[in-house]
Structures are given as structure tokens and as C-alpha cells.
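Chain nomenclature is as follows: A, B and C, assigned in order of appearance, with residue numbering initiated at 1 for each chain independently.
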């Protein structure tokens, strides 16, 4: 097991190194001079030169790469050029919006999808099954930003029960902050819930077809007991895998939704930073997102291995 | 069960199943309809959308303009018709890129095994670790926004998907007796892959293809919505949603119709994918 | 559809009447489109910085009023020597920085010297180019000597880039601005909002508001619901496009269309074929239907047509929109004369604002009618500044030049438009040394006429300032002579 773990960790590390080189190289060739953007159309050449050396842009590319990597290893992600504050602070400031948003939508999608999936599986072939799976089909097909727009006009403009967007900050209290996250997380959760409901249903059906379930039924256990006690637990393995993958996806998926609701999250940060050519921020956030995907994959791999020893040998 | 044993009776059976499969019927009907709309738009649209008549702007749906007009006075029905070309083209080429690169990688990994497999799959993981939207944002930052760059971004995302599916499929075929027999008769890995493996994994690849196609249309609309996809004056559904969202209050029709176009198209493709899976994948057919 | 609308309207009204009336409010939430990159107006070109801090937190020696006039600010009054070279500023004696330190001539000298220093990162360094020496005569008297007389000097000192800063806090203003204004900086929630609060120790007339929050709402789509739901009380530059009609019809809101100093133009690369040929430029000018461009400019069809590079709000403005009237046939003939009977292809680079991205599509459609096929290339600001503005790698672009009184840009050597006309340059040189108002206006008119005739660019329209705010709010600026949201006179109606 430890050899397996070591190997997985090594692979994760290599992924991160390659990703850092790719990200850095890609952003090197992005056109646009950040100094010029900050000073604008009437900037004098001397002023530009002064600002460039302030930003460290006059150093060579490899020097800047290793400074960056070295800094990140020490927990220093550098200083944002446009915000002139530490990148790590920005990431934390934005992370406390994006992370709760992702968690909330994950929670919502699970809360919607799993009961629906189980319900559909337990009533296979009935109208209820077709209706819920039909709804899931439509849910998968709806673009989340369009759904978000419909929500805004329904709840913020017509009913005026929820704010149209923005984020008051956690300092404003838990409820106002949560209120601002309800619609965005709902918009993010819907398509995920639709996918998850379908996965849950088919996982349940697969488990229900297994021999031990039939045996349990034959032994006289009630349908309900079999469903909840035996089937659900075993069906959860594929469901949890999908959930793990969706979490990383949700973190990145917030780029669009945060734009619709003008939430100051990581997605908006990276999007803004790119248009403002604040490359050091882009690099930091992208690395963070890639790292989170790597970590989630690692956890999923380890969980798999724990469940199924055969996989350990194969890996 | 494999393509080798395919006989007329099997095709006939499939056809019968196809007519009895609701998902497949509805899905293919929608897909054909959208394809037809896209084709027709090459020869005819109700109005010429390249010539702006701003005086006609913001007209609600009427007989002259069934879906209304936009803020430039363009006919929304014509825009949606032409926009379908963009959605289809981007998603289709992106699937093509994913299949063209991903399938050979997956097959090669399965055929060689060992360190080749390991290396290829780890490279796959690296690509997969970049959320698609993020790589799209970075690609468009370098090359500027545009349909081509949307294709590349979505295509890159598709590569590891197809590589994984192809590898998993191929791995399950390699231990089969007829493959072992072919190996024993001295056929090379490449030849076996072409003759035996590919025909047998074609079905799952086709199913995955329709799913990725649908995802591609959603992804394209998302990219266009944030301004990174197709650029004006080329109409695109996501872009139309972006353009019209401020006016949702006074002209909801401008945002509703392109949204419906996306939902219907994606729904059609997903249903088609489900239907295909029911028809082509016997294991799943049993479970449903 | 009408049914939906009436239901909608009914719902809206029901909701208005149900919300309780607020008494004696003193807080304000303002929507702004762009978040400032930092909060130091002396170290960045971003208009977003001035839109929050100018006149509210920072003040200069002079300031620009709502109609573009020069008003005294930290300088109570001033004398100008007869040769127009020496300015003596008499400073206010009771002005204090927000950190408690007093403002005096040493601070003023520091601020001006810092802005014009070799290592200065001031984005408008040219404003200070005429300054020769700055002397402290007395703690409250500052003498500025110019190298040459400069008619616009007092105006220049009113720019956001020329505000007064304290030596102790100059380096940290980017994150924690310390000025002398009626509001103090309180908090910046990055990506979200900036809050300023009333400065109890202000030297002048105290402000009515206790607190103002500038909320960053970059998406036009989000601006509309934010206003409608009451989350935001005012949007001084409301990116609401066609929805403006909805706001006009709604008694909850006041819609004010004012003027800015933004001449929106179709810039042509005069240094490149075929745009170096005046016939081609004239053809393009004739092919542009300004009314249609304005109707489709993404700003609710508002904007005043212009025929030269000058604001219609200015006293020296001359209407030259008739110089090259819309006439596609004549345009085609001119193109043929220039040697392009079948037209040609070119690129049109469009920066992010709607006037460019939307208006550009109308322009492209109009030029197509005379055979000029434009490929639209959307670019981000960073890209626009590097490739278009600096490297001059472009054919056509649309841009609003929002700096006030900036007709002189056409005389700048190496400017991105690459327009060269010695006669025009002579007029600008004369302007620079003329202080007499009537004479200046005369010269401005001459400059406008030369530009209109040469049409180095396609003159489109003056950017409107579309303000939407709560009908109970008063004292908001209607016009935007400088990029600012001066809140000093804003209050809620009782």
C-alpha cells in the first residue's frame, strides 16, 4: 500500500511540475504589456520603464520562473501587479466565496439527485421513473448560465426575495452571505444534480440486480430494508466517485456563474486577471485549481484501492 | 456479439429495436431536424443578417419576425438558423480532434501496456487536470477569442476522454480468444488493433461521441456567453444569450429562443446517445 | 407578449408600494462598471480610480466642476504673472489629511515634484511638463514657475492625476488612500466593493452622506437587476443599453442623460495604405450613417453626432457634422477614384466597451455597402494598448477619447493615428501659449475645422453619460467633464 501511495504521490507531483511549466510558458506568450495597461495612453516611456522594473518584468524568463516556483514552495505566491497586494491574500479572499459556493452546490445537487435517483430506481419502468429521468435529461441540457438568468429574473426582479447578485462578505453575517449564494449554487447544482440522479439510478439498478440482493429479498426482507440498508450503501461507490470529480469541476465552473452574479470568487479573479494581464495572479489561481484536481484524483484513487485491492496491484 | 459475427439478422433486429426505442427515435428526430436547419441556412434564411437595419430593432415576435428582432434589427429566427452552423461545427470538429488524437493514444496504450501505457495515461491525467473552461480562457488569452480557439479548447478537453474510453474498451477486448488467436498467427499489434479491436469498440466510441458532441455544444455556448467563443458578426447561440440578457426584462424573447435552441439540441443529442447505448451495448440494455 | 409586460409592470408597482419609505437616509450604494486596480490616482490611468476617489477622497490645487469649469480647491485663490509663467497659489490653512497631519505648501511641492520626477509612474506626466520650478514661499503660499506660458495649466492642476498627497502616505495610497477630501477611505473588499465614509474634520462644507459604497458590477446583465431590485441606488454610468426605456418609464428611477468628454471615433491608421489616401478616408466618412451607428451603439441609442474631435458641451464647439454627409454613392465614387473600384478588405479592432463592440458591427455593415469588407477583431484593453496604441498594428479601431480638451492628440508625433498636418500642428502650438479665452476658442474652432476636412478618423458621436438613480436622490452629477463621481452634494430627499 505504501509503495502504491508513493507512486501516486510522485505522479501527482510530476503533474504539478509539468502544469507549472505549461502555465508559465503559456502566459509568457500572451500579448499585452501589463505596465502599459496600468499607465494608459499618455504614459511616458520613462514611467513605463520605472514600473516594469518595479514589477520585476525586466528579469529573464528562467529567473522569473524559478523565483515564482521557489516562492510558491515557501507559501509566497508573489504580489498582484494590478492589486499590489499578495496573491495568496487575494486567493484566500476569493476562496472563501468560491469554496462555500462549490460546497453548497455539491450539497444541493446531492440532496436533489440521490433521493430522485433512488426513487426512480425503486419504481423502475413506471411513469414516475420516466418523468424524473425525463426531467433529468432536460436538466443536463440546460446551460447553467441561462438557468441562472431565469432565476435572477424570477427571484430577484419579480419576487424580490433574493439579491440579484454581489456578495456582502461573511462579515455581514451568515444569513446575508448565504442568501447571496443560494441562486448561484442552485444554478451550478442543477445540471450536476441531473447527471448525478442518472448515475444514482443506474448504480442502484446494477446493485439491485446482484445476487446478494436477490438472496436478501428471498429471505423475506422487506423491499424498503433491502433498498436502504444494502443496495444504497453499495451503490454509493460510483456515486461518490462522480461527486469527487464534480467538486473540482464546480470550482472551475464558477467562472461563468460568478460572472452572472458578479460574485468576487476565484473564477472571476482569474478571468479579470487575464484581461488585465495580471499574470502572476492567473498563474497562482490556475496552479491552485490544477492542484485541487490532482488532490481529488489522488483521494479517489486511494479510496478505490482501499475498496478494491486488485486495483493496487494493477497500478 | 462482436462485429465479426454481424449477420443480416442482427442488423434487422437492431432496426426493430430502434423503432421501439423512444429515446433513439426522439433523439434522432431532433438531431436530424437541427442538421437540416443548419443545411437550409446555407441556402436560405428569412432575412439577410449581414445587412443591419437598425430602424427595425427590438421588434417583438410577429408574423414577419416569428422570434422577433434583436438590438440591431436582425431577425432572430435567421440568427438562430445560422447560429446552429456554428454550434454544430465547433462541437463536431472538437469531437473529431478528441477522437483523432484520443483513440490512437488509448489504443496504443492498451496494445503496448507497461510503461507506454503508464506514461500515456499520466499525460492524459495532466491534460485532464486543467478544467476545460480554464484552458479555454488561457488559449483565448493568447490567440484572442474566436470560434477556432473555442474548437481547440474543447477539442483538447475531449482528447483524454476518448483516450480513456478507447483504452478501457480495448483492454477488455485484448484478452478475448479471437485476439489471442490472431496474435498466435503472428499478426502485429497495429494490425490486430485495426482488424479486431477498433470494430469492437466502435459502438462505445460512437456513444461517447454523441455525449461529447452534446457537451461540446454546451461548452461552446458557455464560451461564447463569456465572450470567448464565436465573435460577431458571426451569430452564435451563446453569444445571442449574452447580448440579450440585459434586455431580458423588456425583450425576453431575445434570450428565450436561443436558450431553447441550445436546450433542444443538447437534449436531442443526449437522447440519441442514450438510445444508441440501449441499442448497441447489450450489457446496459439488460439493466434498463 | 404585452400581457407578460403588463403583468410584469403590475408586479413591479405592487412591490414598490409595499417597500417602506426610508426617512433621512445617509447611506448610498453606487454601481461602477470597472474595479480600480489600485487606489492611487497619481499612479495609474484607470478611470475607475478617479471615479471613486476624485473630489471625494483626494483634492487638487484646483478642481473641475460639473460643467467643466475650473474651481478653487486646496488653493483658495491664485495670481498669475503678466507673462503667464508664474502661478502663485494661496493654500487653505485649515485643510488636513485623513491621518490628521496638516496640509501645507511643503505637501503641495512634494506632490508636484513627485509627479514630474524621473522615476514617476504618473500616467499623465505631460500635465506637468511645463513646470520649471516649484517653490515654497511660505507655509501656505506655493509658487510654480513654468518654462513657457500654458493656457490650460489651471485646468491641468484639476485633473485626478494632479491631486495632493502627503509624503508620509504617498507610498501606501495604492492600498490605503489618504487625502484631504470630505470622505475618508474605509474599506476595499477586492472584487466586490469600496467603501468611503464622511470625514468629520473636513475643512469645507460637510457632506450629507455618512457612507458611500461603490459596488463593482462589471456585467451589463447584472446591472439591470441590481438597480431594479434596489441593491444599488445609483449607476452614474449605467450600462443598461436598450433597457433605459424601462427605467425612464419607472417612477422609482431618475434617468439623466448628460455629456462626457468622450469623442467616439473610428480611428484609421493614417500611416498605412489605403488609409493614407484622403479619398479613402473621405469615402469612409461618407459611408458612415451616424444616426444608425448611434441607434445601435449599445447605449440605448443615445449620443450626440460629432463632425470633429470636440465636445458639443464646450463653448468653442462648432457643428461640423455636415462636412461629409451620409452618401454611399459618393463614397463608392471616391473609392473608385482612389483606385479601389471593388473596395478592399481590412480589419476592425474593437476594445471591450459596448460603444465599440456594438457600434463596430453597425460600422462594418455600413462599410460593406460600399465594398469595404471588415474583419472584426475583438481585443482586450491590454491588447489594444500594446498592439493598436503603441505598435500601431491596426487598420481601423473604435475608441472614445475621454480626456477633456484633447484635440491636441492629433499633433502628437508618433501618435497611433499617424496623422500629420503642419498647419494643424501650428494651431495647436499657438493654443499652448495663448491664455486669452476668446483667442483660444477661435484657435479651437480652427483646429476642429482642419480635422473635419482632413478626416484623419471617422468622427462618430460624443459619448453620453447615462445616469440611472433612485428618484429620491439629489445632487448627482449630470455631466462628466472629468472621470469622477463627485458625491459632495449628494443627499436623499427628505
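The working rule: contacts are C-beta pairs under 8 Å (C-beta built on N, C-alpha and C of every residue); 3 or more make two chains touch, one makes a residue touch a chain.
Chain-to-protein mapping (UniProt): A, B = ABC transporter permease; C = ABC transporter substrate-binding protein.
Computed from a predicted model, the values in this text were never measured in an experiment.
Counted by C-beta pairs in contact, the busier of B-C and A-C is A-C.
Chain centres were defined as the mean of their Cα atoms; on that basis the chain farthest from chain B turns out to be C.
We define each chain's centre as the mean of its Cα atoms; on that basis chain A and chain B are separated by 23 Å.
The centroid of the Cα atoms in chain B and the matching centroid in chain C are 45 Å apart.
If each chain is reduced to the centroid of its CA atoms, chain A and chain C end up 39 Å from each other. Residue positions of chain A touching 2 or more other chains: 31, 149, 153, 157, 259.
Along chain C, residues 8, 221, 228, 383 each make contact with two or more other chains.
Counting partner chains per residue, chain B has residues 245, 248-249 touching two or more of them.
Within the complex formed with chain C, the residues of chain A that make contact are 31-34, 36-44, 46-47, 50-51, 54, 82-85, 90, 93-94, 149, 152-153, 156-158, 160, 163-167, 169, 259-262, 264-265, 268-269, 272, 275-277. Taken in their complex, chain C has these residues touching chain B: 1, 4-5, 8, 220-221, 223-224, 228, 239-243, 245-246, 292, 295-296, 298, 357-358, 361-362, 364-366, 368-369, 376-379, 383. Within the complex formed with chain A, the residues of chain B that make contact are 122, 125-126, 128-134, 137-138, 141-142, 214, 218, 221-222, 225-226, 238, 241, 245, 248-249, 255, 259, 262-267, 270-271, 274, 287-288.
Listed in rising order, the residues of chain C touching chain A in the complex are 8, 11, 15, 35, 37-38, 44-46, 118-126, 174-175, 189-193, 215-219, 221-222, 225-226, 228-231, 352, 380-383, 385-387, 389-390, 403. Residue ranges of chain B in contact with chain C, taken from their complex: 50-52, 54-55, 57-58, 60-61, 71-73, 144-145, 227, 231-233, 242, 245-253.
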